[in-house]
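Supplied in structure tokens, the structure appears directly below.
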């Protein structure tokens, strides 16, 4: 991937001829396809998904005109839901966090080492515990306290701080966002849940896992919807455990899974590798 | 492990001195401890679990007297729940199965190659589809058809066929056994459930996993209790999947997980490595 | 995949326009592309690899003419190395084995359950130990004893028995095939080596792994070349082990890895998912 | 584990009666055994290894006297190689690093969150690139440049800085330490090698892995001996890769494996869970 890379994501009813139409259009306008992945939800009559990466230095028209022409010549004909994004149009990302720092630190560390293609614009927390740790990375840190009585105002403040961002990551943010808040950011809020969903929805999943006596613990990165812990799953991971673990050591082992699962999901989102379809994701990883 | 190996399993309130008392008792009666594992459920005041393997050629008393003396000199003092088993007292195992053969075949194959220390006495199915496959291994095969109207009689027939067995394995037996049946075999029926429990309890878990869009599928081996799919978990495993899988390919991938998870759980049970405590297991693997 | 599925595999110098040219050609001749995967070995100026699955019921010409036309209109222009295979042209597969049965049994079991799209024509062994086990699956079994003195004759006999097969699988065949033999089956002999290559080349890898004290053991499926254990790797897998394992239990644990790794590699080969390039493989799995 | 925890590690010829002798000794002197693990290298006549954790608040003698008495009453009789360590006797650890930061950062982060029971006394590097990053954690950072001409002096400077430490961790330190240096720290230097040893010994293992076309990459934490990359292995891990990876992305994926493998190995060492025997380790994890 270079700064000249663009990505085209397509969802449409499956029909013969799509690959030919799309690839010929791009080729004829000077775009060099360097990656292509596709998926059909059924052998026939299903939904078709496509992701192309192409290089733009020899495009024969502006980005705006390319979009318009693609819509008229190709997309309309196949009834496509589509978008093009350009790697040099760097996504802006905000992170919400409470007190535990592992998920946040993993994102900041990967970002500072160049592994997350985005700008981290701000970190918002309902506590001030992580102010210094965030400050070291040169990222603005805001405290927005939340309690039973100020939830509406608090969310309004957070919304104001989030303006202009493309993605919001909940890196163990222990507050439940309201339905109104969430619906304003469709498929643009990623949460890390500290269990292998759909097992152990809700609060304190490590305690639930301990009580159940499972032999593997997991973590799930998913888009947030108004339905708690039920949004489209992007990525999951697990780690073996035994009867020897306490709730505390489960939590500690689980943190490593959470860190890796969240970092992969965020990266895939930033690289436009995720298409949401109904309550499921297509991940062209 | 040899034919002279014995195993002692202990559950008792945790107190200082247990290791010393048990190991000294065995040593003083000519038993050579060759493996020892233990677990305490809490740093203090919890429950204590212990598994010892010892060699018996130089025992200074009969097995019966050893048991009686251990009870009087050690177990009573510590309020122990305990049992000794001898490797030359080969466990008898029966398998219940419906039509799909992968879990059954895995057990038969491992058993025939010497990896499962037991006698497989009988295979019982509600269909005759697998008669020939079982016959090749020289194991008696019985068909007991089950329908809505004959469930009580069918279970009675199965019970009769199971007499004398130490362990019953449900290797994808698609019938739900009655509570009466199940309570007669406490911690002696092992089931393989084709999901990562507690996710996807009940029927058709691969369809449920497909609908949910999970990125890992799993299998769970557990003891059967009267509460469907809720018994103590012995072992679990998972396999990565993606949006590309259909319900059918999920099932196929899942079969490999099921085979391995069930085979490990059965082996651990046969080697007296599993202690049930409440609704959880301690597995000294 | 149905009996009307065809697969096109392409290797050629990377250039703009390939996807467009290939997909338009197929579309224009009535082939419906249902799967497409591609890879470029470098961002620019590398080698390009492509695999397409397409459905053939509406082809507007014969298979022979399609091949000829594709060569003239597309392949020649891009200097392609290519082949088309049809799912209804079922591949013939032979298996060579010595005495241990796990890899062979796994292939036979998966094949009998429909998971390996091929015809298993024959099993050849240098021992008669597995005659009965193979016979149960209705597959012809041949014994060709091998010793120091008869190696040339033995290989000639094996060659005669292999005539007409598309693929030869060494499912733990403990003889080293001669360079002459091997070069006659380029990328058409798959071996399962019982280590994580390139670690532990040669004889008795589990003993080597034990002596080294590794914490993971592995297995490697690879195409056989004249260079022992050095051919292109198709698939690998590992399993955690600890200091508790003996050479014997390493072998037992390793067998499960071998079975799964070999079965995946064979399936991918049969589904035309593997392209060999130099001493490496591209696997469109 | 609490500040009152002690650990006893034993290696000796295997004989009946060891568990009884050791556990009775501890019990009789007021030590409460809370964890016990053991291993025998062979069913009979092998080497015996044991690790006990015990709680010390009710010891009936001083630590010094306990050691002396244990030697006289138990250890001598069984020809034991043994040591006791106390959790409140916090180990001092130094880290050597070059320019890449992921392994170092992982250790600092886990240490600062309380997951590594040690004091990190100093970080030494042959470059100044990581001075600021280390400074944030409040750990002294020293630059000791190394080149062909000053190797002896440089090692002398490093030795001086390391005085008083219990453990040295090479967190991707790209210099080869001399045999003299290494033999002064027997089983007290841990290195993270960025391959699945014994595959890809020496320089640039990700390039080697790329050239070989392996389907899994790995990392190995081992004690350093005078023999390059050949010391006793403590822990290993792997990650799946495909033909799509470049050397660069292999390196990036590998870093996550390195971080986790090294962190586990260091923790086990700090908790006295590792016994070296010949060129192998017993890890009571």
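A few comments on the model shown:
Labels for the chains are A, B, C and D, by order of writing; each one numbers its residues from 1.
Here, a residue touches a chain if its C-beta (ideal position, glycine included) is under 8 Å from a C-beta of that chain, and two chains touch if they have at least 3 such contacts.
The structure presented is a predicted model; accordingly, all values stated were derived computationally and were not measured.
Among the remaining chains, the Cα-based centre furthest from that of chain A is the centre of B. Annotation: B-D is the more contact-rich of the chain pairs B-D and B-C, by number of C-beta pairs in contact.
Centroid to centroid, with C-alpha atoms defining each point, chain A and chain B lie 41 Å apart. Computed from the mean C-alpha positions, the centre of chain B lies at a distance of 37 Å from the centre of chain C. Among the residues of chain B, none is found touching two or more other chains. Arrangement of the chains shown, judged by which pairs touch: all-to-all, with no pair of chains left without contact.
Residue ranges on chain B touching chain D, taken from their complex, read 2, 16-17, 19-20, 23-24, 26-28, 32-38, 40, 43. Residues of chain D touching chain A in their complex: 101-102, 105, 109, 113, 115, 136, 252, 256, 260.
Partner chain D is touched in their complex by these residues of chain C: 39, 196-200, 212-216, 218, 232-238, 242-244, 279-283, 285.
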